[in-house]
Every structure is written in structure tokens, then in C-alpha cells.
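Structures follow.
Two complexes are shown next, each including chain A; its partner changes from chain B in the first to chain C in the second.
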Partner chain A sequence: MGVTTAMEWLGSCSGCEIAILNIGEDLIPIITEVLDIVHAPVLMDHKYFGQCGEGVTLTIPEAVVGIVTGGVSNHEHLEVLEEMREKCTVLIALGTCATHGGIPALMNGQDRQESWEGIFSTETTDPGAKIPTIEVPAPLDRVYACDEKVKIDMQLPGCPPNPALIAEVIMSLVEGRDPVLPGKSVCDTCPTKREGKGAVDKVKRFITNVDFVPGAAIDEMRCLLEQGYLCLGPVTAAGCAKRGAPSCISARVPCRGCFGPVRKDGNQLLDMMNALASNGIDYKSVIDRRSILRFSGAHGKLRPLKKRVGEEK
Partner chain B sequence: MTRSDMIVELLEDFGYEAERFNLTWVSSAEPDKFVAAVTEMTTRIKKLGPVNGQDASVA
Partner chain C sequence: MGKVINIAPVTRIEGHAKIAIHLNDDGNVQDAFLHIQSLRGFEKFIEGRPAEEVPRIVNRICGICPWMHHLASNKAVDGAFGVTPTETGHKLREMCQVMAHINDKILHFFFLAAPDFVLGPDADYSVRNVIGVVKAAPELATKVVKMRQLGQMMLDKFAGKAIHPIAGVVGGFAKPMVEEERKELLEGTRTLLDFSLYALDYAIENVFNKYMDVIGELGVIHTGFLGTVDRKDGALRLYDGKQRLMKADGSYVDFEGDQYTNYLGEHVEPWGYSKMPYAKSWNEGFDMNLAAPKGIYRSNTLARINVCDKISTPKAQAALEAFRSSFGRPAQQTLLYHYARLIEMVYACERTIELLEWEGITDPNVRAKVEPKAGRGVGIVEAPRGTLIHDYTTDENGCITKANLIVGTTHNIAPMNMSVKQAATTLIKDGVYNEGLLNQVEMAVRAYDP
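Coming up: the complex of A and B.
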């Protein structure tokens, strides 16, 4: 029997679980010999309150390794996460939602009450319908990353995470060594040609294709930032590169920042603006600056804009 | 374009009031101007209150 493992998904889209499947052939020994999965709602029928609903408290079996995906956005997520922490010796946060808030944390940039009402009342909603309060778990005041709520032993960001790195993390744990993960930025793993900034003083919107020769290798294309596009490579953690170049770059598209900040407590928006200002590029040419935090809005980074309070007379 | 202009804009992006930042140039021979700037800033911040003052209550 392998190492007991519990998997759980919180505010998640199941993309991280698909990334686990994408480990490919290496996955077979992992799930048949290395790991013994005791709880995984996405994969198997294992219920929280006993198989016949006889339990009264939410219970997850004891496990050595716990893998959580998704951020913490409602009270159910919080309860499940706390139970996972209680029962697992090593808790891994998998994916950008779990490590930095991810896409669900975009809601942190808006008024929570307005968003909640917007979700439950659209043009087709029957008149008089109320926001459900029984079956739907109550939302928290904002979307949290897992490490804001419980202690997390290992963080592996990515939207989705790189299957090779998931396998590396699991194998390193089992073999009792430190995982070998890329610690630098996307730019450090990017093979595009850098020739100096040149005449770029404004950021172009990505409504035209970047300049490249179809069929030519990625390292013959010029750096997309130097071409004037807002590429988040400098402020995004490395790890997405699967076939040599970072994923978006190999599709000739600027990096969108999905692995979160390079340093755990980094701030992608602030770091990017700093980089632009240092190079004399007009930061005002960036449309919708706050969306640079689209993957890392937890940890209090993305907050609703302040409403102007009128002067009291 | 100066960095101080950028700070004002970025403060708003992060959900803070831009008035929390102010830059005043004061020479060492201008004590009155210094006192005025500090007093003005202090009253302004007191009026704005704590940073988290307007946040939604914890659910």
C-alpha cells in the first residue's frame, strides 16, 4: 500500500484535477503504487457525513498527504479546509486559486453584496425569487487563498499547474527530498530574442497579432514586451514551460500571469507598474490595470474601489 | 511623468483613498510651510480614519 492521500476541491473549476490526469503515463504508478487515495470527491464516492448520512460532523479520513485545490470563498470551503488540515500531515495547495486566490478572487475587487445579488438575479430570474440561504453555503467576506486560513506546507501554483511539477512534488514527498521547482520568473525561462527596449514608450493593446514568422522557432521571435505588448512575464512565477518555452509565449501570446507573483508575497500589479515606470513606459497606457491581479487577488491585494464619501458640512 | 503621480493612481487601484498620499517640497528655511503641510496631512488622515474603516463586516 502506498502513502495515504486525501484530495479536496474548494472554490475550484476541476482544472487542477485534470492537470493531475495530464501527468500521463507516470500517473499510473503514482496512483497504483505510490499513493493510496482515501478521499477524493472528484474521483470517488466518499461522503462527508458517513456513506449513509449517519454522521453529524463533517469527517475526512486521516491521511499523510492532503492536496487541496481552489480558494476559500464560502463557509463550506472553510469547514472542509480546516478538516483537511486536521487530518493530513502534509497539506499541499495545488493551483493558483489555492495559493493566490486565482480567478474567483477577482470578486474581491468588487462590492461583495452587489456581486452576490448579481449572481442570483438576472433578466430571466422569476420575479419575487429570493437569494437562497439554505442549500447554498453563505459566502465569506472575501475570497481567501488557503494559506490565509490554515497552515500550508507546500504551494504549487499554476492555472492549470504543470503536470510534470505535480508529479515532481508527489515523488519528492514520497522520496523524502526537496522538490526541484523553478523559482524564477517566466522571463528566465523564455527563449525569445531580447534586443533592448528601443522606442517603446506605450503599451499596445493585444488586438493585433504579435510580430513573428509563422513556423519559425520561438527563439527567433522578439520579446513581446519589447514589441510593446503587456506581457506579465517579469512578474510571474516560472513553471508553465512544457516544451521549452512558456506556454502562452509558445502560442505567440503575451503571458497573462497565471502562476501568480514570483515571490510568494509579491504583488504583480505593483511590480509590473514599477518595471514599466523604470523603463519610461507610460503606465497610463495599460487599460484596466487592476486586471493584472486577475490571478492573485487574495491576501487582500484586490479590494473594492473606495466609494467617495461626500464632505460633511 | 513622476512616480508620485503614479502612487496616487495605484493607491486608488488598490482600494485606498488617493488623499492618503501627499508630496510637499519644503526648504529648511520654510518652517511655516512645513508646519502647515504636517497639520493639513494630519487632519486629512484623521478625517479619513483607519484604512479598513469602510470594509464590509466579517461574515
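Coming up: the complex of A and C.
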């Protein structure tokens, strides 16, 4: 019998679950032999309140391994996360929403109440519609990463996380050893050519394609920062590389930081501003600087702008 | 005071929902609801962002259909900036979108829905899942996992990321396709086409023929339908075309996507976070009454198969003809979503091959000149779960000032509520119910692939 495992998703998009499926053919032995999945809403029918829905307490079975995806943005997420912590020996936060807030934590940069009111008064929404409040979980004051609410034993970021690393974490737990995970930055795993500081003093928006020879190897392309594009490789944790190059770079597109900061408590915005300044690049040329925190806005990093005070004057 | 049966969470679906079935004192169904539990706020937090960045933010709305959001968003930004993508850029986007449909259908039918049919709706919950399918039908399961992985990895390798893509850009595509890539993709897609034909045959024999009585009853409601068709000949389209809104009697109107606000409205109930789009242009309001619904139409596979006049590729067209001769047009049986899903999978494979065989697909001119500016753009694609609408307004810096999104699944929220109520009312009598019956209520939801 495999290792008992419970899976849950909080404020997630299911991309992490798809990344698990993308483990591919090795997935079959993992889900049928290595693990014994006792709870996983996306894959199986175990229910919170008993199979006939007559229970009163949200219950998840005990498991050795717990995997949680998504951030914590409402009271149901919190209840589920606390139950997972209670029932699982080792709790893994999987994906950048769970580890750093991810894209949904962009909401932390806004007034939530005002925003939600706006959502229910768009051009197509019936006039007079109100924010729903019946039989739906009430929101928390902001979007939290899992470790802001409960103790997390292992963090594996990525939007989505790399299937090979998910498999490595699972196998390492089963085999009772430490997982082998990359600890460097995206830049450290990027094969593009660096020719040193150039004439770049401003970053440009990604409205033209980067300069490269179609079909040529990635290591024949010049570093995208050196080409003058904003690329968050220097301030983003490694892990996305699959075929010898970071994922976005392999599509000839600059990095936007989806694995979160290099150090768990790093600040991608401050680190990037420093990196630009030390290379003589005017940080003010970055349009919408706050969105450098688009993947790591939990932990109090992204907050609503104070009214009246202009942004980054 | 009767009691409430809570099915929470609804499982083997792709989002967060619960079902509440309210019984009266006699144990019969008084009412039933599908409550949608999550709201994140994408329409608001993309405000202020440079529009060209938005296609790689909104893909996080859905990790299962990120290509759909990514590309509807790119189309909306094209519109706001007044850019027409190059022909090759346009076709590379379509190829990725249609290919993503293939993987989505394999995932939904075989990983999420099939356990109900392969193991049976009443099988114990501990085995009624993909793991149970692997044990019960290892050969089929291995093949399915292999095919899904093939499709995912083809996209991943060509476009850098299969999940949360980045290769679509305002004005076109981030990189051209080279001949070597074209050949590899073509070979892979031909394998997927063979599989899709096998899957359709398998399902006709083992699911649709076998469960015909269930199909005729479970979750059946009568509604209109919304989909996208070719502007000229009314054929099924997934990436681009005109919108077609059909009534339950089969009559329809066609309109261009940027006119959507004249045709669609969004109703809000206090008991679920998702809005419920309805046909505002029918001028009859919104009502989920099972006997006489008002304004209710459905989206997703069955809707598209119903609204199209034909399918432009031969094998899918043959399958459509067989489907229509059995079920007519429009077909209303909810479980036929699965059948329509597999017909679309055949089309998606054939269409991908067509695009890869187009002589211009490896042209290096993949991105038009782009200048950020003020404007408004509406981008529409057919996501697996329905017509997906992104509508952006930008300021003179090309940053978003206003966004309105109508996401595929939401078109079916009202119909899913109706199907849940229909199924619960038919199945639960005099307070008698069990796990298998409750799972059948969920099957009515699963057909919509929410």
C-alpha cells in the first residue's frame, strides 16, 4: 500500500493539478502504487461532510502527505487549510499562489471591497446587483500565502510548478531523503549570451519580438536584459527550465518572475530595482513597477495604494 | 422543516462548487442549488497594467484552459491598440488554441467523467476515479495518459509553456515555427487524430449506447445555445468567427463579437459568486423555471455542435452527421455534452493538421508592429467550456482602464442549476437517496465540465 496522501486546492486555478498530471507516464505508478490518495477533490469523490452530506464538521481523512495548492483568500480556504494541517504529517505548499500569493494576490494592491463592488456593476451585469453573501464563503481581509496561516513543511513554487520537481519531492518523501531542488536564480539556469554591460539605460516594453535567429539554439541569443527588455530572471527562483533553458526564454519571451523570489523572503520588486540601478538602467523606465510583485504579493508585500499620494512620484 | 443534503465539494470538476438539495417534510425536493464558491477579481486587478502584459496575467484565471484566456486577451489587446496580427501570427495562435482543446477533451472525458461510466455511477467512491480506471482498464488508461502527455508536451516544447502560456503576443506570436518543429508537430497530431477517432468509437460503444436511457433523462432541460461559427459558411469555429445565439426552437441570430453587450446580460443571485449570463436580446428576462425557462442558453461543446451548420473537416463532419441523425438539432440531452466533446476533439485534431499543412505557417513574419494607445478591444474565442469574452479599454499609455470578462463556464451556471434541480427532483423521492443517486446528480454537473 502506498503512502497516504491528501490533496486540496484553495484559491487556485487548477494549473498546479495539471502540472501534476504532466508528470506523464510516471504518474500511473505514482498514483496507483507509490501514493494512496485518500482525498483530492479534482480526482476523487471523498466529501467533506460524509458521502451522503449529512455531517456537520468539515472532515478530511488523516494522511502522511498533504499537498495544498492556491492561496488563502476566504474563510473556507482557511478552514480547509487548517484541517489539512491537522490531518497531514508533512504539509507541502505547491505552486506560487500557495508559497507567495501568486497572481490572485494582485488583489492585495487594491481596495477589495471597492473592487468587488465594481465587479458586480459592469456594463453587462444587471443593474442593482449586489455582492453575493448567501451560502458563499466570506472573504478574508487580503490574500495570504499558506505559511502565513499554518506551518508548512515544504515549499515548491512555480506557476505552474515543474512536473519533474513535483515528482522529485514526492519520491524524496517516500524514500525518506531530502529532495534535490534548484536553489539558484532563473539567470543562473539561463544559457543566453551575456556580453556585459552595454548601452542600455532604459528598459523597453515587450511590444516587439526579441532579437534571435529562428531555430537557432538558445545560447546563440543575447540575454534579454542586455537586449533592453525587462526580464525578472535575476530576482526569480530557478526551477522552470525543462529543455536546457528557462521556459519563457525558450519561447523567446522575457521572464516575469512566476517562481517567486530567489530567497523565500526576498522582495522581487526591491531586488529588481537594485539590479537595474547597479547596471546603470533607469528604474523609472519600468512602466507599472508594482506589477513586478505580481507573483509574490502575499506576506504584506503588495498593499493598496494610499489615496491622494501619487504612485511612485 | 425539511433537511438539506450538502454535496461538498462537487468533485471531479475543475473549480470550487457545492450542491445543496433542500427536501421538504415529505422528503421530496423543494429546491436545489449549485453554489459557486470562489471569486478572485481579475477584472479589477488588471486595471492599471500595461495591456500587453495582461495576456500573461489572465491566463491564471484557469490552469486547465489558460490558452483560451491568453488568446482572447491577446485579441482584445490587438483591438484596443488597433493592430491586425500578421497572417502567420494569427494562425500560430489558432494552432495552439485548437491543440489545447485536444488535451482538454482527453482530460475531461477520460480523467474526470469516464469513471462514472467505466466503473458505473454506483461504484464505491474510493474506486470511482481515474485510479480505479487505471486498475480496471490498464491498457486504455496507459494509452490515454500517453496521448494527453503527447499533446501537452508538443505545446510545451513549441511554445515554451503549455500551462500559463506566454508565446501569444499583441500583434501575433513571439517566435516563428521552423520546419523541423512543423514536421514533429504534424506527426504528433496525426497520432492524436487516430486516438480521437478511437476515443469516439470507444465512447459510442461503451458509453453512449450503453447509457442511452440515462442520457435520455439525467439533467435534461430545454434551453437555447451560444457558439461561434464561420462568418461565411456557418461552420464550427473555435478561434475566430461570428457569434450565433440559438433559441430552443432552433431559430437563431448571428452577431459580431464586439456587439455582445446588445445580446448578453449577466444576472446575479445572492447565493453564488459566479454571475449568470443570459440572452438579454430575447427580452424575456431571466428565469430558471424548469418548465418555462427565460433567457437561458447553454455554451460549451453541445452548444457549438448545435449552432454550427457543419464542420469544415471531413471526419468530424461525418461524426456530426451521425450525431444529428440520432439526436436532431438542437439536441437538448445534457449528457450529450460528452458526445459533442469527442466530435470536437476530432475536429481539433483535423484543424491542427490543416494549419500545420498551410504553406505560410513557417513564415518568419509572426508579429505586426505594435504601438500602445487608447482604445477598446473585444477578444472572443471558444474555450472548451464556452464562449470566452475579454473586453478591455486602454488609456493613451496603453494601460488598462476598464475590463469586462465573461468566462466560458459562467454561461452554463444557470443551466447547471437547472440540471441539478431536474436530476435531484427525478432521483430523490420520499426521502430515499444514497451515495450512488447523489453521484448521479453530480454527473449532471460534470457533463458541463465546469
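The criterion applied here is as follows: the second predicted complex is superposed on the first by the 308 of 313 C-alpha atoms of A that agree within 3 Å, B and C clash if a C-alpha of one lies under 4 Å from a C-alpha of the other, contacts with A are read in each partner's own complex, and residues count from 1 in each chain.
As a convention for this text, a contact is a pair of C-beta atoms (placed from the backbone, for glycine too) under 8 Å apart; a residue touches a chain by one contact, two chains touch by 3 or more.
The model shown is predicted, which means the values in this text are computed figures rather than measured ones.
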Clash or fit (per the criteria above) of chain B with chain C on chain A: fit
Partner chain in contact with A:Leu270 - chain B first, chain C second, else both or neither: first
Vertex chain A; arms to chain B and chain C (CA centroids, nearest 10 degrees): 130
Contacts of A:Asp141 with chain B and chain C, given as first, second, both or neither: first
Chain B versus chain C as contact partner of A:Ser12, first or second or both or neither: second
Partner chain(s) touched by A:Arg112 [first = chain B, second = chain C, both, neither]: both
Which superposed partner A:Lys301 touches (first chain B, second chain C, both, neither): first
Chain B versus chain C as contact partner of A:Val262, first or second or both or neither: neither
Partner chain(s) touched by A:Cys187 [first = chain B, second = chain C, both, neither]: neither
Which superposed partner A:Asp282 touches (first chain B, second chain C, both, neither): first
In the superposition, chain B vs chain C on chain A residues touched: C
Closest approach of chain C to chain B (Cα atoms, Å): 13
Chain C-contacting residues of chain A that also contact chain B: 109, 112, 139
Sites on chain C touched by chain A in the complex: 5-9, 11-16, 18, 20, 33, 35-41, 43-46, 48-50, 52-53, 56-57, 60-64, 66, 107, 111-112, 125-126, 128-131, 134-135, 141-142, 145-146, 148-149, 152-153, 156-157, 159-164, 166-167, 169-171, 174-176, 178, 180-181, 260-261, 264-273, 275, 277, 286, 364, 366-367, 369-372, 391, 397-399, 404, 406, 433-435, 438-439, 442
Complex contacts: residues of chain A adjacent to chain C: 9, 11-19, 21-22, 24-25, 27-28, 31-32, 37, 41-49, 51-54, 73-74, 76, 102-104, 106-107, 109-110, 112, 115-116, 118-120, 122-126, 129-130, 132-137, 139, 159-160, 205-210, 212, 214-215, 242-243, 247-253, 256, 258, 287-288, 291, 294
Partner chain B, residues of chain A touching it in the complex: 75, 109, 111-113, 138-142, 269-270, 273, 277, 282-284, 289-290, 301-307, 309
Interfacial residue positions of chain B with respect to chain A in the complex: 1, 3, 6, 9-10, 12-17, 54-59
